[in-house]
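Each structure below is given as structure tokens.
One chain, chain A, appears in both complexes that follow, with chain B as partner in the first and chain C in the second.
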Partner chain A sequence: MPRAEHIHAPPLIGLLRSASGRFALFFTAFFAAAATAAAVILWWNTAGALERQVDAAIRADAAALTDRRRMPTVEALAVAIEDRLALDVQNEALYLLLAPDGAKLAGNLEAWPSEANAEQPWIRMPLLRDGLVSEARILRLDMSGGYRLLVGRDVAEKLRLRGLLSEGIAWAASASAAIALFGAWGLRRALERRLSPVYGTAKEIAAGNLSRRVPLSDRDDEFDRLGRIMNAMLDRIAQLMEGVRGVSDAIAHDLRTPIARARAKLEEALDGARDEAALRAAVEQGIADLDGIARVFQAVLRIAEVEAGARRAAFAPIDLAPALADAAELYGAAAEARDQKLVSDLPTSLPLVGDRDLLMQAVANLLDNALKFTPDGGTVRLSAELSPVLVEIAVADDGPGLPQEDRARAGERFFRADAARSTPGSGLGLSLVRAVAALHGGTVTLGDTNPEAERPGLTVTLRLPVG
Partner chain B sequence: MRLPVALLPLMLATPVQGETPLRVTTDSSAYCGELAARVSNQPGARQEVVRNLAEEGQRLCDTGHVRTGIAKLRRALRAAQGMGG
Partner chain C sequence: MRILLVEDDAEVARFVKKGLMEAGHTVEHAANGRDGLFMAASEQFDVLVLDRMLPGGVDGVRLVETLRGQGNRTPVLFLSALNAVDERVKGLKAGGDDYLTKPFAFAELLARVEALGRRPAAEVPTTRLKVADLELDLLSRTVTRGGKKIDVQPREFRLLEHLMRHAGQVVTRTMLLEKVWDYHFDPQTNVIDVHVSRLRHKLDKGFDKPLIHTVRNAGYMMRAES
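Up next, the complex of A and B:
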């Protein structure tokens, strides 16, 4: 049996590697920090306050006894200490008054501790009472005449209270940690559950099922927005792939006919040419046919180049009016040859930012189409208008027009309406116009020239932004 | 219920100095007698409340409950001083 090659990371590393795990850990750390801050504040306001209270009581007591020492004899101080001890119902007070020679004069402490000789006047010491060790907080006072006094309190009760508080905080911290971990686990699970449709969709698409889309919930949250964007992206990819497939099919289909025709002509000439001149004419015709095929390829490549946006770098501020006037003159001559009329209505200036060659190629394609579909004696109209934000160029003919259902497909590569099958052309002209318009951030719309007429004609309007 | 709670107070409290504990001399039968004598010397010692507290304190001291007895005697002394003043 083959062994699995997959190496599992330790759980903590696995958790850190996943974004949801990191969010969860961040949540736990944040929660722990908040709980710690709450515990510190609680401690400061309870146990801390008790300690400060004890210190304040000792300080006040010491100040009162220091006043007593100002009396002529030290006995007054000794009596005050004994009185205080006699009235100490809480049994917390601790005193020791020593004479300069070390003799005990008053107080309830057995001996002077060596720790009380340290530089710090405040000390904390263990205290033995009834065989139980508690704690004493003591202040040392060095008095005039070499007398020394210790004033303190038994803080056993405070310690007990502090112990209870510590236990409470520890329990609360444990509960908080458990809740934080549970919350982190829940957060991670929720994130993974919400992301699993995205994973699933991506996995199926990677496996080749391109029709799969991310299922959306009715919550309209961030994950639904992500799902919608992914679906839109997948739709766009599918559309582009469909387009590529369509173009490949169209190239194969539309070029097969002229190639077959050229081949048939050459074969016919080879078999039936009566003299060298007839053979030569057939070869020339074959070359012309192949040139036509090469032109189609060139047009396809040019459209691809325009759609890729590579020409955007050549954009520059231009005035389209003189170029349109030149085109009108050039195509006007061609129109006259067929008894057609080309009427132009152009402003003196049409400033915009773009690629002059591409725009003129687009206009030339429109004029070429219009003249091709306009009957002899008909009229083609080239007009342009400038508004503050748009340049609008329209080419109108009075040909047969284009049925409504064909207009949406009119920009597709190699698309030719049924009525146009007999007219020479490759079905790429309007594709290039659309690609050029899209490159400039503009649009192309198709409409009837005379909607009421039997032959409604076609008006193609190219709208381009000025800036 | 014993959690490792000792950590918290240990971290937050000032360290306790010294290893030899201090001893208190006022938790003894001798101090009981000293307090009883103080009470009886007070002007309000004959009051019933004072007398009861002092007697109870003395009895507790005699039966070995020294600290409780001392607390009673101290209360008796307070009461006597309050009444005598």
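Up next, the complex of A and C:
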């Protein structure tokens, strides 16, 4: 199986260049965005919540300490601070109460930190306690009379927790990025693998091997649908090519002979006509031969036109019953002239969507054939039946019939059964009938009229779908 | 009749022109669509014979469309090497009156040109057609000859009507197939001859002057032999 070229390109550029790669990368990005959203929510609900909790505790503590009713004097405040520090077993609380002259009245902070002079009442500052670096969250409160108070918490514990959380998220993010990239690569591989038979087929067809078809899996998924549609398209193209080839073959082989014949006759007349009458006869014969060639040519082209399906545009709802009656009437006179009987058995109406001219020509060809091969005094039957889905038109004769082995070949262009070689005709009549039937989505079958009889006759049945 | 032939193939043009002139018509020839359009628009003709495909940017269909756009109703016969049925329909839709596929027999062309040229300009509704002692009543759908009623089938009536409407003109087998049976293909057999001879037999029985004449290599003509 040939692989597409860009599989061998450098990985990342290759990935970006291929639609499946971009598709996979898009999903990676999507996946990453989802993971980021998850991390943000996790952060907000854990580390963020802890911080908000600390701030709330500080705020409540500060509010209690600055409540005038409970702390009427600075001394009472100092005592309250010392009490709180004494009760703080976790050793997290931080306080500092300064007198207007800068003297420390209470608290466990050594000195007024420079960070506390900022505009903002909330500050965050590094803290050195028991020889360990930590971090503090502090609220500054300016009280009446020039007293200043700092209320804070040592957040080292929370900080550690936050560190752990960040580390966890980072690991999770890298892991999911790796998984996503791996998934993207895998997705791309899978897409490539499913598409490479299509590339391969298309490439071989482009190289001229029109018989190739896209292999289908039995999964019946989008790729199989694509493959099936491509195969249907290729079948159609092959059919059209076949039609063109048929026409050129016909021109190459089957028109050469009559042209050669006509030419030979004219040449012979030119050289050796005894008198004017003979010359005249030869020229007339030459013109008749040329007309015959033109007729064959026209029939070949018409068949090709029908087979190409170009005439489907002329489809219209028609009633075939009067048209068939017309055909029976047209050929009835010819039958009568040869003492043959043309019996028709037609329903009153045969509604159908199709091309009237072509269907008439097909039926005319069948009647013409039947009358040609029926002996004088014989009978030809034109009958039609309408079922809910099908119109069935049958032309039955009681002529010599057609041997089983010739039936499959009847309908090939220019095929003439051995027995028919002595009758006039081009061997194109049934080809057209077949082509017209196929254009209408119908079929043509050949059978015996009377299987038991010595002369079985031939019945040609044209089945056309109504819709 | 004065006929304009627009045909780019010199040999076909010469042959058609010579034949039409021998039949007693005046023929002007243009070798491309532009000249043809100019002549057709500036002069009076009885029939235009146009090749479907013409050099010079104006093809047959365009030429007819332009003429019809100017209100010119001169009958048009298309000559075409395009055999596809759709092409015929296209030509007739554009305003052509008849369509003949190449190669053609000159007799066929002449018969069609004369049928077009002698067409009554305004379709006067006739109820009776008469040729010699043969009368056809379109209302009661009866045929009488010398006062004697002749029984004809509906299709024979239409065949007779067509022949009588073109009395004195050659009517070819394909013209009858197209006009009487509405078949636009070549049935490759002599089906028409059988119908005509049956009709002829009915009309001429008991009378010594035949009315439907066979024209060798061409078709039939309804004519009162004088």
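General observations
Assume the second predicted complex is superposed on the first by the 303 of 467 C-alpha atoms of A that agree within 3 Å, B and C clash if a C-alpha of one lies under 4 Å from a C-alpha of the other, contacts with A are read in each partner's own complex, and residues count from 1 in each chain.
The working rule: contacts are C-beta pairs under 8 Å (C-beta built on N, C-alpha and C of every residue); 3 or more make two chains touch, one makes a residue touch a chain.
From a predicted model like this one, the values you see are computed outputs, not experimental measurements.
When the shared chain is aligned, no partner comes close enough to touch A:Lys341: not chain B, not chain C.
With both structures placed on the common chain, the touch criterion links A:Val89 to chain B but leaves chain C unconnected.
Of the two partners chain B and chain C, more residues of chain A are touched by B. Of the two partner chains placed around the shared chain by superposition, neither chain B nor chain C is touched by A:Arg455. In the superposition on chain A, A:Arg68 makes contact with neither chain B nor chain C. Contact with chain B, but none with chain C, is seen for A:Ala136 once the two complexes are overlaid on the shared chain. Judged by the touch definition given at the top, the superposed model places A:Leu290 against chain C, while chain B stays out of reach. Contact with chain C, but none with chain B, is seen for A:Ala314 once the two complexes are overlaid on the shared chain.
Taken in their complex, chain C has these residues touching chain A: 83-86, 89, 101, 103, 105, 155, 181, 183-191, 194-195, 197-198, 217.
Of all residues in chain A, those touching chain C in their complex are 284, 287, 290-291, 294-295, 298, 301-302, 305, 310-311, 313-314, 326, 329-331, 333-334, 336-337, 357, 360-361, 364, 368, 425.
Within the complex formed with chain B, the chain A residues making contact are 43, 47-48, 85-89, 91, 94, 107-111, 113-115, 118, 123-130, 133, 135-136, 154, 159, 162-163, 166-167, 169-171, 174. Residue ranges on chain B touching chain A, taken from their complex, read 1, 3-9, 12-27, 35, 38, 66-67, 70-71, 74-75, 77-78, 81.
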